[in-house]
Amino acid sequence: MSAAEDIANEPGRGFDRGTANTVLHIDDVHKSFSGLHALSDVDLDVREGETHAIIGPNGAGKSTLLNVCVGRLKPDRGAVVFDGEVLTGKHPHEINQLGVARVFQTPEVFPELSVLENVMVPALSKRDGHFRLNPFKNFFGEKALRDEAENVLESVGLQAQLTDMASVMSRGDKRRLELAMGLIQHPRLLLLDEPTAGMARHDTNATIDLLKKIKEGGMTKVIIEHDMHVVFSLADRISVLAGGRIIAQGTPDEIKENPKVKEAYLGEEQV
Amino acid sequence: MDRKTNLKDWTLFLGFAAVVLCLPIILDPIGANYPDLLQKIAIFGIFAIGFNILFGLTGYLSFGHAAFIGVGSYMSLWSFKLLTMNVLPAIAFSVILAGMFAYLIGFVSLRRSGIYFSILTLAFAQMSYSLAYSVLTPITNGETGLQTRAIRTDPATSLLDGDIRIIDQALGIQEASVPTTHFFGMAMSGYTGFYFCAVLLIICFFIAQRLTNSNFGMMLKAIKSNQNRLNYTGIHTRPYLIAAFVISGMYAGLAGSLMAVTDPIAGAERMQWTASGEVVLMTILGGVGTLVGPVLGAGIIKYAEQKVSSWNEGILDSFFSFLPEGLQHFMSGLGALFVGEGWHTTLGLLFMIIVIFLPGGIMEGIRRIAAVFARKSKSNNTSAAAPQPAE
Amino acid sequence: MSATKDITRRRVIKSGAVAAAAAGATPYFFTRAFAEGGYTNAPKGDSVTFGFNVPQTGAYADEGADELRAYELAVEHINAGGGGMMDTFSSKELKGGINGKKVKYVTGDTQTKSDAARASAKRMIENDGAIMITGGSSSGVAIAVQGLCQEAGVIFMSGLTHSNDTTGKDKRANGFRHFFNTEMTGAALGPVLKNNYGTDRKVYHLTADYTWGYSQEGSMIKYTKDYNWETVAAVKTPVGAGDFSQFITPILSSGADTLVLNHYGKDMVNSLTQAVQFGLAGKQVNGKDFTIVVPLYSRLMAQGAGENVKGIFGSTNWHWSLQDDASKAFVKAFGEKYGFPPSQAAHTTYCQAILYADACQRAGTFKPSEVGKALEDFEFDGLGNGKVLYRGEDHQCFKDVLVVKGKENPTNKFDVLEVVEVTPREQVQYEASLLGGELGPYNNG
Amino acid sequence: MDAIFLQFLNGLDKGGAYALIALGLTLVFGTLGVVNFAHGALFMLGAFCAVMLRKIFNISYERVSETEVDFLGKPLKEQIPYLKGIFGEDLGGFMLDYSVPLSIFLAVIVMGIVGFIMERGLIRHFYKRPHADQILVTFGLAIVVGELIRHYFGANPIPQAAPKAVSGSANIGYLVGLGPNVIYPWWRLVYFAFSVSIIFGVFAFLKFTTFGMVVRAGMQDRETVGLLGINIEQKFTIVFALAAIVAGVAGAMYTPILPPDYNMGMDFLVLSFVVVVVGGMGSLEGAVLAGFLLGILQSFASMQAVQNLLPGISQIIVYLVAVVVLLTLPRGLLGRKGVMED
């Protein structure tokens, strides 16, 4: 936390906290791993209610950027501001409590818990905060939350597996569970790391439909995605990351036409 | 589902309570029906249940829980010596002090995880043990152990050798020699002592069961399952871990206190790392993460320690007396490797066999057997009702 | 797999039942064990059960095993009404069995831990119906078990326990000690040390960091200060330290010319071995030969220290090379049965068993208060230590103390100590009030 | 000054033993990912190799003595070792005298076999199991091995003499220009030299042989090495046997310093774990560094001046250091990220 203040109070830094309708503002973020620049001079604004896609070739720094946003990595320079609050230097759980949820690329579920419990954990976290010592509140008595959890699970198509252990699920089902775990928190900002990777076409379409539905609800989303079909059917705006830098930004149509993007990314990808 | 789960929980709880209260009858055929062993099973059952709240739910393996046993025992003894022979304040103070001590150790140790956490707890417990054995002799009476004494007549007598028992004295209770511990007049030795421990064991079981099924319990399980993910879900895991550590420390404190209640003496060796190891073994032997398993494990290990160690060669000889003489000697010689003074061998082999073949402990074994029977009865039913294709 | 499991389980259950049957005790429900006869475990039928509580695992397991051998021999002799030291014992009351009952026994493992020792003693009392408990190989355990026996209302005849407290401030009416203590060791060793090493020495103490160590160190200082033996330093060493080198090296430059090792058991073996390795024994300091003293010797352990004990003084309760009739009879009986001579642990426990049996016979009952009275101020002879008094005031035996020295030219591997002097009883006897404590009344349960 | 120098020597000596035990332990951690609670038992088995060799050398025939008598007064049956009969008085006597150093050869063979069997028969099946399971199964094995040794050798320590040539003390005070009180047992100096050379040997083995390179790569990244098509499993057997041998020879050579008994493995177990953790799990250099560091600190903490200042410090110093190191350096002195943190 003090690190965040340090950055914010750094004399002469006085960085930009973004404009009024900006939810997430990434300000001049640098990150390097033993000399290798993973991110440099990254500036990014995500506006209220939009679905913002970040695309880029492998190794472009997309996951690093996401990790910087949720507090897994500390940037060498720069800061991430969410809704006027500096996230940089905060712990992951604090960032989540502010309303930023992340859906992981490789499913990071709780393998030894049931599907329903997997969704109940983030639901409880949303309701009770980062720590609540209530040892005698029976988990099975949480009627309202459970109904909600079941609804969310139904929306991702897992209603038939409520009591299954997450460890025995298929990879695709785990991804859907991941999504449900993000959705149940009704986050102000949902970060999705390749939500459809490894899914069959049919499932991908279902996921797109689901994400569209959520969009109607007004949730702000950042999606990292490889699948251009997904990107162009969902994104309001797209940022293209290559070699750790943002090389282009704009609406899907703008990006489609951008020669730099074509060169760096689309060309090779759409073979 | 609500009602079904509830029903299952209550059945388990009532079944457990019934078995615990009937232990004297159940254990009689194997020669284990005597107060001391019964008390020890109940006390170590409490210890193991508490340990399982930490280890079974969160996966954090503490090698220092014996320290809390020691704290509980010493605190109880001092309550007997300074306040009253009634066990109520002793138990209350012990549990509170053990909780505080656990908070201190947990606060520091839980900054690390995995084997580093284990070694930190081990280090704290070993330091407690070493100091209690030597430098802290004025508080712990070192090797001899802290004991209750008669009321001192001369204020110059050290408190180790003469008690004051302020409350009892104020109440004007006359003491003949060294008084015994009691719960409002109910003596805490023998079978009453066992039933006292048994009731506490049942209460502890109930609490642990509620904890396990609570939101809190689920968070602990989530920590074990994937602590990293939990952070990104907005949960601050450390307070949960500290809470679990303190609760299990309080269970250990209660167990230590009960050891002093049923037998008012407290020695430093209760805090040695081997004692911490013992509870790990109990938990794993019975079944980590299960509610009944740790108690079962505690019972088996205490039985082995008390009874298997007493089967000396004389008993072996008479057991094998139906064999021809040469064979009899051979068999009792072979048996002596495993029972009597060789009982440690049996214990070691038992751990190996359990871990190799039944990683989920005895409870998993029971589940497997139950599953076999269930399948059998099911297949009987289905074959009787209508021919179904094989699975 | 499951078949073999089944068998072992059944066997366990079965032999458990055998154990109970062998103990001659029927399991009871909700009844106090001592309802009949007016005292705990009053024997029914034609047998009486002794409880032998010795270390069978842990550092003192070998001593425990030797104690157990001696107990078995004692039971044999008691039931036969003769053999071994029974024949030389001055009291001739025992005529096969005690009060017309045969002696049986149960055993338990103290693990040299107070908790475990109390637990196994409780098992023998509560489950196996033991009328008395005896054994043990350390003072902490002896005091813990003695306290337990007082509460339970049975007699405790302690085994190896050398701390003053056992019959000092922790004495109990139901507890009796045959072994000597640190006070007597000091009183016996002091003059011998002066005679051999002269006056005005500078002494360095290495002391095991627990109650017995403190007590032994105190008594050595007390009984040598008259000869101007001045304490240079007294350093506490952790129990079970293993390597004592870091405690030994400072001795070289401390100016001390005498090292007293207030260690017992494994600590003694290790610290002595290492002190000799460091060349202490051969040095010259202050114009005197550097000297090492081990106040309490155990032959079993001295064997562990091998060559290193040569010429080193210490005290012991009894040694097999004594040439009186009783000792010779005991060594013969024991040696013929087991093939090697008995240790002092074996001797003490054998004596304790015989003394208890004899007291019961003389009292005509097993009731602790009566048996205790029969033992109080009982004077006897013929158990290998000359004339012995079981003092009534503190239930401590007073007898001659052996000052021994590591033998220079041992003839066999058991022959590691030689008796230098037999310090007469009068010289080591002290007032009971010296060590404090209250016996309290007998407890019959 | 003398005292400080001697304590330093003591520290090096202890540190050598700690480092040798910890070395194998951390090697097994780092490569196999196994927490081996039976490692102390391997050290103890090594020590009993020395006991055994002396026993074998002392296998004797009996000759009834005409003059001497035994403790029961019967004619003494003298024991004459066959060794002397076979090799003659000189060579036989020499072998008896040097039985401890010679037992290194026995220890290498025995411990190699023990390590091989243990890895193939038990450890192998526990690579993927939780640490708690590994701890329990190896702890069970340690108990069983200890009890078997007790069954055959008894519980009391069995002294082993160093060869006569090095059984005395070296007057090293003159060598380093200190007073005449600076004497130190030869055998401890030998042990120190021995431990240093074994440590260097192990490091050289891992550094300069292809096998060692594979093992070190495996310690860095097990999966990659597996992907390279190298049969890492087979290498693991050799690594484990190597760890067992190092522990074994360390134990055998330690016997003249500390008479071995069946429980010495347990005594060293906790300590060696602390050493490994302080050094950093899976770090060989860390284990050596921590071994010497703890040895030296332990020696100095035992000095009376220090004890007067902080009573009881000698008992807890090792654990205190562990706590301080782990709280300030999360992965120990030289530990790498990500090893054994789950």
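Think of it as A, B, C and D in the order they're written, each chain with its own count starting at 1.
We take it that contacts are C-beta pairs under 8 Å (C-beta built on N, C-alpha and C of every residue); 3 or more make two chains touch, one makes a residue touch a chain.
Predicted model, so just to flag it, every value in this text is computed and none were measured.
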Inset, instruction - Quickly list, by label, the chains bordering both chain A and chain D. - result: B
Inset, instruction - Select the chain whose centre, defined as the mean of its C-alpha atoms, is least distant from the mean of all protein C-alpha atoms. - result: B
Inset, instruction - Specify the chain most distant from chain C by Cα centroid. - result: A
Legend entry - Centre distance in Å when chain B and chain C are each reduced to the mean of their C-alpha atoms: 33
Inset, instruction - Let me have the rounded angstrom distance from the C-alpha centre of chain B over to the C-alpha centre of chain D, please. - result: 34
Legend entry - Distance from chain C to chain A - Cα centre to Cα centre, in angstrom: 73
Inset, instruction - Among the residues of chain B, pick out those that touch two or more other chains and give their numbers. - result: 130, 134, 344
Inset, instruction - Please set out, as single numbers or ranges, the residues of chain D touching at least two other chains. - result: 315
Inset, instruction - Identify every two-chain combination in which the chains touch. - result: A-B, B-C, B-D, C-D
Inset, instruction - Under the touch definition given earlier, write down the residues of chain C that touch chain D in their complex. - result: 57-62, 65, 209, 233, 235-238, 240, 242-243, 245-247, 249-250, 252-253, 266, 269-270, 273-274, 277-279, 300-301, 303-308, 320-321, 331-332, 335-336, 340-341, 411-412, 414-415
Legend entry - Contacting residues of chain B [partner chain C, same complex]: 24-25, 28-37, 40, 130, 133-134, 137, 141-145, 147, 150, 161, 176-178, 180, 189-191, 259, 263, 265, 267, 269-270, 305-312, 314-316, 318-319, 339-341, 343-344, 357
Inset, instruction - Quick one: which bits of chain D touch chain C in the complex? Just the residue numbers, please. - result: 2-3, 6-7, 9-11, 13-14, 17, 68-72, 76, 150, 154-159, 161-162, 167-169, 179, 181-185, 187-188, 256-259, 261, 263-264, 267, 298-300, 302-304, 307, 314-315
Inset, instruction - Could you please specify the touching residues of chain B with respect to chain A in the complex? - result: 1-2, 5-6, 210-211, 213-219, 221-222, 224-226, 228-237, 239-240, 243, 247
Inset, instruction - Over in the complex, which chain C residues touch chain B? Could you list them? - result: 1, 12-20, 22, 27, 29-30, 32, 56-57, 61, 64-65, 68, 105-109, 113-116, 118-120, 122-124, 126-128, 139-140, 143-144, 147-148, 151, 163, 165, 169-170, 209-212, 236, 238-239, 436, 438, 440-441, 443
